[in-house]
Structure formats: C-alpha cells, structure tokens
C-alpha cells in the first residue's frame, strides 16, 4: 500500500539514523549505510510487480487527493529510475567505503542518503512544486557531497555548480509561478488537463513558462548551452560522488520526459510537443560540444565527464525525436549510460591513484601495478561508454538510431551521433594507449596501494552492460512498454486525478 | 528559599513574563493565565544559566517613582530635542563629557545609560572598561558639570537604591 | 560460433597459470569449432540454408540469428582453418616476454567476431560483429604495446575501420528500413524493392564506406600497411583470410540486394580498379617484407572488389574463388615473412639476402606461395587470375576497354613484386649486419605454411576435386540464384586471358629488371606521398578544432555560464510568447495605485539601485540590502501575506548576520575589474532579464485564472483544523513539501558543518582603515540587555508557534525567533560562554526535529492512512477551556526544532571560524588584507 | 498596482542579475539574495494582489489565494538554506584560493 | 477626521522614510548608515501601525513586533561588526 | 471626541517620528544625528502605538495590548542600539583622530 512512498522514506530515515549514529563508529555507520541501500534496492524491486500490474500507482500524501494535495506517482519510468539510482548508489557507496573516501569529511553517509531521498522524491512526485523541493534537496546534498574532501579545483567547481544551480532554481520558480498564475494548479496531471483545454489567448504565456522550465531541466541535464558546470563538477569531485552524479543529469532528462512529456503531450493543442525540436537541436549541439570536449581533454576524469555529457546528449536527442521507439531506446540507453558512467568514474579514480604524481594527466607516466588488469577494465569501460558492441550502449544507440530514421532530421541525427561515436572511440583509444601503453619504462614503476578490494564495485557496475545485452529481449520489452506508457498521457492523467477519496478520514 | 530560587530564579522576571504573555495574547482568559504561568516558570528556568547573577530589586516603590520621572522627562526631552532639531544648527553645542559612576550593579548601569539616552539632549555613548564612568554625548551642553549633577541625583540615586548588591 | 568467445575467456583465465595451456586451449577451441561446422556442413551442400533465430530486441527487428549457407560456410572454414594454423604458428612465434594468454584470448575474440559476421542472419547483428572485429583487431594490432608504431597502427586501423563500420551501421539501418526487415533472408529477396527505394543511394554509399574501409580500398587503404606493426601471426590472420575479407564478404553477402545498379558498378569497380593498380604498384617499392605483402593484399582486395563491381554472376564466381586462393597464399607468405623476421631480426629486404642457404625449406615454401600470388600456372592464384582476366575482357562498365589493360598491368606488377620477394630475400646478395644468425625455424612453425602451400598446389592442379564443391555452394550462397556455368579447368586453350597472363608474366620480369631505376624514381617522386599525412592532418585538425571550440566556449568562468543561461532563458520566454498568436496581456482589471505605495516602491527601488551601485563598498551595500529586505516584507504585509512578512523579516536578519560573519574575513571592497565590454554585456543581460520578468509578471497578472487555492480555503478548518490557511497548507495539505524543506535546512547545516571543518582563514586584526579593533569584546550594556531579551524572545517564539495554526505564525517563524534570541546571546557574550549554557546540541536538535516530523507521518501509516495524514481533536480542560490538539502541531514542532538547530549550527559554525584562525595568523593571501 | 509590483520585481531581477555577473563572491551572494527577493515576490504575485484579505479564516467573504503564499514560504526557507551555504562556500573558496574571485584567479585589468 | 489624520500621518512617515534613505546612501560614515537603517525600521513599524489603523485590521501587530526585534538585532550586529569585525567570537 | 483624541495622538506621533528623521538628515555629525531617532522617533512610535491600542479597544470592545508590548520593547532597545552605534562611532572617531584620548 505504501510502496510508492517507501523509496523516499527509506533514504530519509537512513539519513536521520546515520545522523543519530554519529558516535557509533565508522564501521557501524558503514554497515547501516549499506544495509539501507540494500533495503532500498529490495523495496524497489518488490514494488516492480505492483507497477507492472497496476500502472501507475498513485499515492496521495497526507490523504489529500490530487490536484490539491501532493501525490506520488509510481509508474514504470519512475520505478526504473529508482532502481537505477539505487544500484548506482550501491556501487558508489561501496567504492567510497573501500577507498575510505567517506572518512575524508563529516557526514558523508548522511548526505549520501539524503541525496537519494531527493533523487527518489524527484522521480516519484506528481507535483511540480514538490519537484522543485526535491530538486533543491538533491542539489544541496550534491553540493555538500561535491565538496566532500579536499582540493582547490573542487572548491571552484563546487562554487560554480552551486551558483549556477541557484540561478536554475530561480528560473524554476519563475516558470512554476507562471504556470500556476495561468492554470491555477501544480499537479502535473492537472496541468496537462488544464493545458488541453487552454484558451488560445493564453498559449503564449504557457509556452514561455514551458520553455523556461526546459531551460531549468536543461541546466540539470547539462544541455547546451548550460552544460558548462558539468566538466568541472564531475571531474573535480571525489570518485564515488562523481559516480553518483551520473544520475544527476538523468534527473533533468527524466524531468523533461515527465513534465514536458505529460503536459505538452499530443493533447496540448497548439502546444503539442512544441518543446521537442528544441530538445533535439540542443541535444545535437551538446553532443558535438561534448565530443569536442572529450577530444580536447587533458585529464582523464575531465574526458570521462565529457563522455558522460555525450551520453546525456544522446538521451536528449532521443527525447527530442519524440517517438515511442526513440523513447524506448532512450530508456534502455539511460540504464546503460548511468551505470557505466558511474563505474567509469570509479575506475578512473583507481587509475588516477595508480599513477602517482601524474594522476589523471594524459601524459607519459611510469608503469604502475596491475596495469594489465586495470587496462582491460579500461578497455571494457571505454567500449561501453563509446557505445561500441557488444555492450549495452551499442544496442541503446542502435534503438535510438533506428527510431531516428523516421524523423525528418534523420540524416542530421545519424551523422552527428555516429561521428561522435567514432570520435569518442578514437579519443578513448588515444587515451588508453597513453595511459596503458605509452608508459615511461625508464622511470621507476609506481606502487600505489590499490588493493583488490577496490575492484568489486567497478566490476559490479560494469556487469550490467553485458547483462543488458544478454537480457535485451525482456528489457527492451519493458522499455518499449514504458515508452508507450509515457506517451499514453491520458492514462496517467486519469490515474492521478481519479484517485478514490476513501483514504481521507 | 533555595528551592524557590531553583524553581523561580528571577521571580520578578517570571511575573513580568506572565504579564507579557497576556499582552501578547491580548487576553486575560483563565486558560492563557495558566499557560502564561507555566511558561513563566519554564522559560526562566531554562534561561537561568544565562543570567547567573542575582537581581535584588529592593524597593519597588522607588522604582515606580523613578519610572514616572523618566516618563515625564522623556516627554520633555522630546519637545526640547525637537526644537533643537528643527531650529538652526548654530544653536547646538554638541559635546562629550564623562559621567563618573557610583552605581555598580550591571543592570543598574544599563538602566542608567538607557535613561540618559532617552532623556534631555544626552546619549550615552560608551562605558569605560573599568565601568567607572560613562561617556555621554550632549546635544546642547552649556555646563557639563551641572548636567552630571542632575543625572546623578535624578536618576542614579534612585537606581542605586533599587539595585543594591544582595 | 559462440565457442571462440567462451574460449577467449577461458584462455585468459588459464593463461594466468600456464602459457602453453593457453595455446592448447585456443587450438582445441578452434578445432572443436571446425568439427561442429563440419558436422553442419551437409546443409549448404544440400542446397539449403540453416537458420537459427532467437528474439533479441524485437522492437528494432534485431534477432539473434545465424545463417549457414554456402558463402557463410566457406568463410567460416577459412576463418577457422587459417585461424588454427595461425594458432599453431604463433605458439612458437610469440616470445616468452609477451603474454601468450592475452594474445590467444584476443585472437579468439577476433575469430568469434569474424564468425559472427559471416554467419549472421540479421544484418544489425552483423554490424555488431563488424564493430567487434574492429575492436578486437585493435587489441591484436597493438599487442606489442611498447612499440609506438604498433599503437599508432592500431589506432589508425580502428579509426578507419571503426568509422567505416559506423557508416555501414547507418547504411544497414537504412537498408533494413528500405527492405522492411533486418533479416538477411528477407533482404536478399527484396533486391528490387531496395534498388528502387528513395534511400538506395545513401544506403549504398554508407555500406560501401564500411566495405571499403574494412577491405582497405582506395582511398582508405592506408591503414593496412601501418597495421603491419602487429605481430606477424596477426597479420597473417587479419590480412589474408579475415579482417580485410569482411568487407569483401559483405559485398558477396549483399550482392543480391544491392548490386547491378549504376551506382554499384561505378563505385565498386572504380574503387576496385584503383586499389588493384595502386596496391600492385606500391607493393613493388616496399622494402619491408610485410609492407610488400600489405600492398599486395590491398591490390588483391582491389581485384576482388573490381570483380564484384562487374556485377555479373561469373565475376562473382571469380571473386569468391580468388578469395579462397588469396587467403591461402597470403597467409602462408605472411607466415614466411614472420619466420624470416623471427630468424633474422629484420624484415628489411635491403638487409636481407641469400637466405636460401640458411633455410631452404622455408625458401621453397615461399617460392611456391609467391608464385601463386604472381599467378603462375599450376597454382591456385593462376586459376582465379585467369578468370579475372576473362571477366575484364567482357566488362561492359565505364572502364570498358581500359579494364583488361589495367588488369594486365596490375598482373605485371604482381609478378614483379613476387619475384622481388623471393629474389631479394633468398638469393640476391648477402645478409647485412643482422641481429641474429638465421636458421630454419622450429618444425611446428613451418607446418602451417606447409599445409597452406600444399593447399595452393592442390587447388591449382586439381581444382575440380578440391575447391569446386565449396566454391559452388559459396557462389550460390552469395548470388542467391542458380549457379552460372563456368569451368575450373586448367587449360582453356589459347585464349585472350592466357595471353594476358603471359604478358603480365614477362612484363613482371621486365619491370623487376628495371627495378633500380624505378626505385630511384619512386624515391624521388612518389615515396613522399603518404596517405598518413592527410590522415594525420585531418585528425590533428579535428583535435585542434576540438581544443579551440572547447576552450573557446568553456572558459571555466562562472560569469560565462550564467550569461549563457540567462540569455537562453530570455530567448525561451521570448520564443514562448511567439507560439500561437495570443495577446501579450489580458484584460483583467488592476488594483488602483496609491501614492504611498508609489513612494514606498520608489524607496525600495532606490535601495536596490544603491545596493548595486555601491556594491564595491561591501558593508554599505549590505546595509541597503537590509532596506530592500525590510520593504519586501512590507510588500507582503500590504498584500495580505502576514506569514510571509514574518518569515521574510526573520530570514533577512539572519542572512545579514551570516553575511557579516563572512565579511569579516573577506575583503571589504570589490576591486574594479570588469572591462567595458563586460559591463555592457551585463547591463544588457540585466535589463533584458528585468524586462522579461516585467512582461511575464504583467502577462499573468492581467489574466483571470481559476485556482485550486479555493479548495484550501474551504477545507482548512474542516479538514486541517486551522484557520490560518497558509499554515494549514504548510503543515498539512502540503506537509510533504515542508518535510523536504526542513530537510534542505538540515542538509545546509550539515553541509556547512562539513565544509567549514578545519577551515583556516586569516582573521584580520585591524579594520578597513588599518586600526585595531575595539578592545571591548562584549559590551556590558548589551550583555545586560541580552539577558533580559532571551526570555522575552522565547516567550514571543512560543506565542508565534502556538498561534500558527490559526493566525500568522508557525514553527518556522517561531524557530527563527528562538534562534535569533540565541544568536543575540552569542553576539553579546561570545561562543564559549553561550555554548556552555545551551543545554542541547544543535546536532541533536536537528535529528529530533526531523524524527518528530517524520514520526507524525509514520504514525498515520501504521494505522492505515497515507504518510503524513493529519488528525486533530478539540479538548476541553477545566480552567483552560477548549483547545485544539492537532498532529500537525507535532509536525510543526519538528519544523521548529530543525530551524533552531540548523540556524544556530550555521551561525556558530561561521562564528567559530575565528577560533581556528586566530591561532594560525601567519599565512595567507596577497589580496587578503586589502 | 500590478504595474508597480511588476516594476519592483523587474528591478530586483535586473539588479540581481547584474550582481551575480560580478567577478567576486560577495556581490554574487548579494545578487542571489536580490534574485530570491524578486522571484519570491513574483511567485507570491501569481495569486494576484489582494489588500486586507489575508487567508486567515474569519467571517470575511473573500480571501487571497493562500497557495502561492505557502509556496513562497517554502521558497524563502530553501533560499535561506542556499544563501547560508553559498556564504560558507565563499569563505571556503576564499581560504582555498587566497582571494575571493569567483573563478579563483583575479584577472589583471588591461584597459587601465 | 481620523482618516484624514491618518493620511497626513502616513504622508509624514513616508517623508521620514525618504529622509532615512537619504542618510543611508549619503553616509558619510558607517554609523550614519546603521543609524539610518535602524530609524527606517522604526519608521516602518509606525507606517505599519498606521496602515493597520487605516484598515482597522489587527493582523499587522506581529509584523510590527518582529520588525522591532529584528531591527534591534540587526543594529546590534552591524555595530558590533564596526567595533570588532568578528561579531560572534 | 474620541476620534479627535486619536487624530491628535496620531499626528503628534507622526510629527515626532518625522522630527527624528529630519534630525538625521539635518544635523551636522553622527553624534548629534543620533539624538533624533533615539528620542523623538521612539516617542513618536510610542504615541502612535498607544493610539492604535485605544482605537482597537474602542472599536472592538476588546483590549488591544500588543501595542504596549511593542512600545515597551522599543523603549528598552532604542537606547541600547543608540549606545552601541555611538560606541562604534566613537571607536571609529578615536581612530580617525589618531587615537587621542577621549573628549
């Protein structure tokens, strides 16, 4: 009965318990922290059958029915996002523990769980203002996590990230306010309904608010020209945080799918899908810029950050193509790119630690321990993130490209996506050979203390890439159905607005 | 006695708080009286650490009389100051002077300083480090000594009577 | 087919323990695959096609499907058999310094990918394996990681073939789209539909891009010679039978679907012809044995491509026949080159010579294989070359009469470089300062070559008994049509093709004799032309462009980020208004303006402008910000929002205190550093933003709306038990927001705590003017008042808290008032003194506040209601009278505690900084003092 | 009156934007505060302007729309948390960079 | 009658507000500005009370009280800043 | 009668309040400016608050005592803020005069 709120409450309670457990010792905190994530994963998977059977599950917080109270809407998409998030979180947390990152500042575990609270809330809420609140939660937690530990670069990146996001929050409020001022409601389903009967005299204002909202979500999703915060933030923070951040941009994408997809659906009259071309074009430009960014990167983590950006832009493009097939591909690709990006950041941390003073700089460095194994991992991650076969990214991209063929801009999409893929692989080949092949054999080899316990989280996050290929059939069936559901906004609206009132005392 | 001290560290304060509670709620209803009393007991207990030294207000009547004088002086002061403000600036004779203190109780000093600020043409500006004199600024000072005398007899004396060391 | 992949993993595992085991493992896996294949081979021979298919990604028509027909069988055999030979050969070739396990697992990976290509029934799946070959070949080519040329060659191969592969992927996507299916069986029968489809031209262009890059056709041929940096077994494998043949395979595979059009003929045959000539010509001039072989390979690939370009069934026969032959003789020649390299330490023909006396066995093998390559009768090369010549004669394409001439010329060069290979290495001259003393290699290194050479000979002499059946089914597989009539006889009589062979043979000898002069001319004129130069130029230019664009756009400057974001927002609003043709403003009546409001508004605007204009003098702008904050709350009061006003007031003061705390450490003035351009840009952005917001505000306010707000007014009392509707919304209707909001506060507190931990700042001991601070740390009069103020303000706080549900107030405002009461204590008495007297830790306050707030929600869950469902009741106590108890009050208490905890925690955390800092006065900044 | 309020919001926004585009942390903090004022008033105004119609239930016939007020309250609190965070962060940055430039590196002015 | 008096009074307070803002901007010293801000707070209380009288509404009281409290705290903090720089130490 | 009393109280209050603000503009230096707000404005505010108290008592028949509290609060805090401002001004002034001893 409460399955829709549990993914929000569990991390919140986890955060508070961890705050209580401040004096219980690091070991106990770690156990509690991991246990809570595992509970979250289990709970999310347990909710899955319910969602599959009864889609979407609507939960009226406080018993106040939509559109008046805040409702949570758990559908295929949101539960999927939660599952991805919690799996990613497990990998990131695992690495944070084995690498002792959690020791390097106060409240790591608390902030980590509160970040999940914000993320899961953002995925589940059916209310636009509540989405704002959860955005703020996840952002503030991410600000703190971003700054966790030391480093000048980190502070600068953090400052930029914080301020630009505060600007984003301001824009969010302007947009929400405008929508409320015209439509008089905050519930996403209700907004969609109100827009479907919008008098034509109000179209312009609503369109303006919608595009402003797109700027906000675009900022989160690191869409051009708002992505400038991303390379710094992702590359300068600690590895587990960067890994967890792999989901942050997806929140922006999710919000576009959820909010714009619902309220500016086919039913929106003059404004039906009007946002899609903007997303598509911005996505294409972002992809170009991301590819160039990765090519010009002089540092490993920076390069990976740009590659993450490239995967985000691929998602934007597929959202912009705006078809069931493209959406299905996008969802598949989202699972892939999130987990792989997360794992890649962890791996890059191992590489950076292994290379001693040289760290992530893409220059000649002495040989280091275990370089063959690390190199193999790098190769696997590289082909995963560059969306080469036989790993899941390729198939996600394939689905997107397949969907793109019917789009008027198919040529453009195919050209940009494929060229970017090629340049990514060229760049990664260059990087890989710089790090693992072109070693300075005259210098004393580096013996960094990378023990075997560093690798399981990296492998854990990687394993999904082949698994998703092997189980592509059921997974794509799921994504296909999810995509169909996303485009069937009427079902969503009916489910949300017709909730029974029996829960009220 | 000690028990009372523990329950009501500052009885006067508690009474004042009950009164303030009723003022805040704009009512003298029974319910609020009870609530007010509860708060008036709880809050001073909670904050007693912040006010460690005892306050022995000995002569409530003297204090009332003092208050009356001050109220009257405030009114007069305002008329005088208004005239000075609105009049030409050349009528002003601003100056600082030091007011030696005999009173030692901190609350007394504060009250004296406040009184000086609220009454004719003077503002207390600083308390010397050893708390032996106040630096006072006057708006129109012809004879500092005369003003000092007036302050000492009119305000400091009654205050010293009220705030004696316990 | 999956066996090699599995094998790769096993081999990688085994290799950790035993080098030899990995070779055995790879060999056994391959042999096993051959056995399985042979077991299934009856199907194609019966003229049938074996198809196995599983669903994979049905939504895009991707099935996991395999197809075994003649063509596939032929290629599979080539891949596996030559693979097995290479495995045996490599066992002795790979030195003990290199990891054998790695080598074999890469090799098996590659083998599997190749098999995947040739056995795919689904073209998307084919593309998957196609890219896999690019990737695994990258690993193989760069196997010797320490060699820069290996790395570069591998990268180049990957770039070209991978890129081509991606183009081909696009082509395949379009092809399936045009054919309506991604299944080969469907596509191969839909040739007419495809050829007449509007997308045919892009399809063929993209697919040929894949083919040409993979098969090293001009102008993409240049990667192949550089890939020779790979270990020789790799070259033997990749460049004889497999990698490069993948492109050819695709031509054969898609022949029924794509061929026959003018585009096909022009593109394929032109590329083939140029490649044929260029390869043959260049091969002669390469001093590196493997370089020679590489260009020879290019040339032969051109030949095969040209044959496919002819687009006739008989040409296809010739092409597929030559595929087989080339695979055998080229693999053996590469192995020979490897043996020579292995034994002498060099592959430079200028340093080699006279090896006959050292390794006659190897030399014999080389001579036979090279003869096959040159097209000497009785060897397999001769047969297919004859067929080729024959085809060129009846060529009806554009090249027409030129093709036999070019073909003969290429043949002559082939003869010449074959002679050079033999003569230069085994006979002519002496060895020159070689690193090693050459002798015959281990027996098992020669056995693969033996076998291949025997095959050359067998096919060359007895084609009908050896290759004919396989060739027949392969051709059928490719054509998807009945076999054309052809003859594999050795002797067709004195025909024109034979004459061409004759001319080529003697022409070749002639050319070789003229080599000295030719070499000189080549060195002088042509050798400088290196396709790598434009390749590198383009690639470097791309990387430079990337650098230029990235560093141009991403200056890591916050201002730039903000400027872009704001400009985009402005554009968004502007573009939004242009949708539909709705009017900018509605016609809702406005409230009338009164002069007091105008006056207060103008004061407000003055204060704001002052804040901006005087922002360089920081304290001054802070003070004018204070005015702005005050007037904001006056606005709230004026327009019926008392709760907002109270909140705004309290937040304002706390903010000012926070800023003051920070300002102590920061410079007191902002330096002038914006350029004129910056200022103008910023002014445009600000004024633009202002106008945008102005329009947006009025656009909304001039319109009527219906709102869900009325619901709250109607239900606040009955459903939420309070008359202050705003507060009921906060703690009940939208309590979930509030829970989030206090969590934000808590996170801010914790985050700031974590951030400032151990932070050291220079605490200025003097003020702006360079004078010492006042010595009176805690002004006594303030201390006295603060004592009075604390109970008073707490009283006010309780008052505001309790009335919140019904009148303006509530937990948040009450919390702020209580915090400010405590902050006054800190201001008056300092941290140490105050800290001692506060009986709780801020940390716990936050925890318990959150717990209380959540608990009220959880309680409702335990009794079967949704989270945060509220309940309230009216109690009637004697003396006190009736009063209300609502669960929402408990929630509000949680809010109160979190607010107090967080606010005090933040302020104290900032205040405490000076404790760290006073101790460590020394270091810090040039700018710090200012 | 609406025009006056729109003007106020516009001025706040413009001033806020100008300040957040400055190169030092301190004006950026001020700018964010002004922007927050602006957007809070904006959000509040979306419930339209009403005088003497506070949403305190008594026997009045008309009340203002209470929802935007509740939203603004939440926004104010969140804004406060964010401001506090930025202030602390600006101190951290100052300590790390040794100056208060927003990008960590003060640029020398060329034109003077 | 009362209404007229209130209008006049409000007018006077508005003039007072302008005067405060003048001093706040003109300075010259920081104490002048703090004084101006402090006075502005108190004048706002007066304005608010007058407005409440004008509308006959009691809802302005808490705001007035809070302005008084916050104005005081703000002034104390700013003054202490001038004195010590470090306001919480 | 009641109205007239109120009107006078309101006007007197406003007058004093205004005088305080005139003072801070007109008077020559900080210390003289300080006198206006400390006394006149405080008193003016007090007068108006009392007017309000009377008004609501008379118009609604219920006691309105909030205003007394504010007045009380203003009267205790105004001199303290004045003291602190003066103290800081004095502190700054001494420095400007090169740390000479007090007046």
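Letters A, B, C, D, E and F mark the chains as written, and numbering starts fresh at 1 in each.
The definition used in the following text is that a contact is a pair of C-beta atoms (placed from the backbone, for glycine too) under 8 Å apart; a residue touches a chain by one contact, two chains touch by 3 or more.
Remember, it's a predicted structure, so these values are computed and weren't measured experimentally.
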Next on the checklist: What are the mutual neighbours of chain C and chain F in this structure?
Outcome noted: B, E
Next on the checklist: Keeping to the contact definition above, tell me which chains border both chain A and chain F.
Outcome noted: C
Checklist entry - Hey, which chain ends up farthest from chain F, C-alpha centres compared? => result C
Next on the checklist: Taking the mean of each chain's Cα atoms, which chain ends up nearest the overall Cα mean?
Outcome noted: A
Checklist entry - Using the average of all C-alpha atoms in each chain as its centre, how far is it in Å between chain A and chain B? => result 62
Checklist entry - Any idea how many Å lie between the Cα centroids of chain A and chain E? => result 49
Checklist entry - Counting in whole Å, what is the centre-to-centre distance of chain C and chain D, each centre being its mean C-alpha position? => result 39
Next on the checklist: Taking the mean of the CA coordinates per chain, how far is chain D from chain F in Å?
Outcome noted: 31
Next on the checklist: Give the residues of chain D touching no fewer than two other chains, as numbers and ranges.
Outcome noted: 20, 25, 28, 38, 40, 42, 45-47, 51-52, 54, 56, 67-68, 74, 78, 81-82, 85, 89-90, 92, 102-103
Checklist entry - Multi-chain contacts in chain E: which residues touch at least two other chains? => result 10, 17, 30, 34, 36, 59, 65, 69, 76, 80, 82-83
Item to check | Contacts with 2+ other chains: residues of chain B | outcome: 20, 24, 110, 113
Next on the checklist: For the complex, give me every residue of chain F touching chain C.
Outcome noted: 73, 76-77, 80, 83-84, 87-88, 91-92, 95-96, 99
Item to check | chain B partner contacts - residues on chain C that touch it in the complex | outcome: 775-776, 779-781, 783-788, 790-792, 794-796, 798-799, 825, 829, 834, 836-837, 839, 879-881, 883
Checklist outcome for this item: Given the complex, residues on chain C that touch chain A span 54-62, 99, 102, 124, 127-129, 131-132, 135, 138-139, 142, 145-146, 148, 151, 154-155, 158-159, 162-163, 166-167, 169-170, 173-174, 177, 202, 539, 542-543, 545-547, 549-551, 553-554, 556, 558, 560-562, 564-566, 568-569, 572-584, 586, 693, 696, 699-701, 703, 705-709, 711-712, 715, 719, 732-737, 740-741, 743-744, 746-748, 750-751, 753-755, 757, 843, 846-847, 850-851, 854, 858, 860-861, 864-871
Checklist outcome for this item: chain E residues touching chain D in their complex are 55, 57, 59
Item to check | Sites on chain D touched by chain E in the complex | outcome: 51-52, 54, 56
